[in-house]
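Across the two complexes that follow, chain A remains constant while its partner is chain B and subsequently chain C.
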Partner chain A sequence: MSDAPRRTADEPMKEIVVRNNLAAAKLPEEKILADVTAAGYGEEDIFAIKLSLEEAMTNAVRHGNRNDPTKHIVVRYSVTPQRTVICVRDEGLGFHPELVPDCTLPEYIERPCGRGIMLMRAYMTEVEYNENGNEVRMVKVNQR
Partner chain B sequence: MVRMSGSCTMEVSSQIRHCLVGLAQDHVPLIIVEMRDLDFIDSNGLGGMVAGHLRARHHHGTICVANPSAAVRELLELTRLSQIFPSFPDVESALAARAGSD
Partner chain C sequence: MAEETTRLKVTKLGTLSLVQFADRRILDELVLQEIEESLMKLVAERDQPPRLLISFSNVDHLASAALGMLITLNKRVKEKSGLLKLSDIKPQIYEVFKITRLNKMFDIYDTLEQARASL
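For the complex of A and B:
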């Protein structure tokens, strides 16, 4: 049974399963951005989606799946002219996103990592994690 | 000067880190990251820049950015990294600012 939060039903979603490495993680990005471009999203929204997807995939590869090459990442997505919904799920144990420090605070600015979630929340319309913390759902409403 | 162009995504972030840390370790006093042709950078790339900054500071050096696009500038502002990477409209301005402070 899915532990995803209850919400308005998403449009039918496509699914891509990739191996857990940064190179393979590019495939969903290419497909989603192609659909987003074809759906008429503007440059700023395309940038936002690309950035958020990069961050989500990096987190899945490095933190969720702990760079384990035997694991996989499941990406589900739907793109309509009105909005784009992307779900990224790893095979890890999950985490508590609310415990991630605010990377913009002076004591954390010089950390080489820890900005991904903040950027996802800044650039996407909605960002939410499932109860386990091993799946993130992101929504971008077309600003055009 | 280091020129970043195209799309700086997760696969190339280690190259950024390696390049900037290497220059900093060579005691280069001012490293200008020229971003005129940089379309995209994510937190991995920014992390590489921060790693370079930390090493540069250790050796009393500085990293600044020149000619970032509006999107990259917004990214630097959102992450507050604009506070540690001075931004200039071009390389000449960065050099002039450095000369003025010497």
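For the complex of A and C:
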């Protein structure tokens, strides 16, 4: 399948499908963070996962599905005491992450958008996109 | 004198407007939109250059969209030859500013007192 992620997680994954709006996008966040907390992750890791997941969900709602309320977001995840893997897929046409301008460069620093992916890359252990660019896979290794 | 909206508490200290957030998490799009509108009003309401001091003492969490809002606010303030200072940013939030290098763009102080003393 052309829109499959480049690499799948080793652990069995749970799946949540939500409608394309920011209120519904909170549901996977709540479930994943509850699992992460129960698995004994530290405060910094929880902050990192929460921030990255929120950025990924916002990107899916706004940029991927273009705020279309008829579309959906599929979140697959697995949480073990060692690592958390989260995949967020939207129904959009995808994008090329390498074409997003680097907002830390002086010529782009005043751009009000484009920092979500940068934060995800900084806070998660791995961040990668499928070929179509409509699914992001993020991994956070438990630092404890 | 303090004016409160559902999202912001604005205290006027002479010509300075001290802004505090009501929300601990500045994430939600609608919340952000309300905050942005209130802040832009503050910048637009006077003929004089706006002087804003924003305290993040209540804020535990911040999304990249909030950074975008602050960048736009900074531009508006500059256009009116005003000043914008930020203070009391918790270490994990300050990290977000550092990663995005916005700590270089904004005038950031550890405490409100230090920010006021710099004026």
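Note that in this section the second predicted complex is superposed on the first by the 136 of 144 C-alpha atoms of A that agree within 3 Å, B and C clash if a C-alpha of one lies under 4 Å from a C-alpha of the other, contacts with A are read in each partner's own complex, and residues count from 1 in each chain.
By our rule, contacts are C-beta pairs under 8 Å (C-beta built on N, C-alpha and C of every residue); 3 or more make two chains touch, one makes a residue touch a chain.
As the structure is a computational prediction, the values presented were derived from the model and not from experiment.
Visitor: After the overlay on chain A, what do you see for chain B versus chain C, clash or fit?
Guide: clash
Visitor: Looking at A:Glu44 after the superposition, I want to know if it touches chain B, chain C, both of them or none. Which is it: first, second, both, neither?
Guide: It touches chain B and chain C both.
Visitor: Just to be sure I read the superposition right, which of the two partners does A:Val100 touch: chain B = first, chain C = second, or both, or neither?
Guide: Once the two structures are laid over each other on A, A:Val100 reaches no partner at all.
Visitor: Can A:Gly116 be said to touch chain B (first), chain C (second), both, or neither?
Guide: both
Visitor: Figure out whether A:Val139 sits in contact with chain B (first) or chain C (second), or with both, or with neither.
Guide: It touches nothing on chain B or chain C.
Visitor: Comparing chain C with chain B, which touches more residues belonging to chain A?
Guide: After superposition, B is the partner touching more of chain A.
Visitor: Could you tell me if A:Met57 is touching chain B, chain C, both of them or neither one (first, second, both, neither)?
Guide: After superposing on A, A:Met57 lies in contact with chain B but is clear of chain C.
Visitor: Applying the touch criterion given at the start, work out whether A:Ala24 contacts chain B, chain C, both or neither, answering first, second, both or neither.
Guide: neither
Visitor: Does any part of chain A touch chain B in one structure and chain C in the other, and if so which residues?
Guide: In chain A, positions 22, 44, 47, 50-51, 54-55, 58, 103-104, 109-113, 115-116, 118-119, 122 sit in both the chain B and chain C interfaces.
Visitor: Quick check on the complex: what are the chain A residues that touch chain C?
Guide: Interface residues on chain A, with respect to chain C: 22, 44, 47, 50-51, 54-55, 58, 103-104, 109-113, 115-116, 118-119, 122.
Visitor: Can you list the residues on chain C that touch chain A in the complex?
Guide: 27-30, 61, 63-65, 67-69, 71-72, 75, 92, 96, 99-102, 105
Visitor: Touching chain A in the complex: which residues of chain B?
Guide: 9-11, 17, 40, 42-44, 46-48, 50-51, 53-54, 71, 75, 78-81, 83-84
Visitor: In their shared complex, at which residues does chain A touch chain B?
Guide: For chain A paired with chain B, touching residues are 22-23, 25-26, 44, 47, 50-51, 54-55, 57-58, 61, 103-104, 109-113, 115-116, 118-119, 122.
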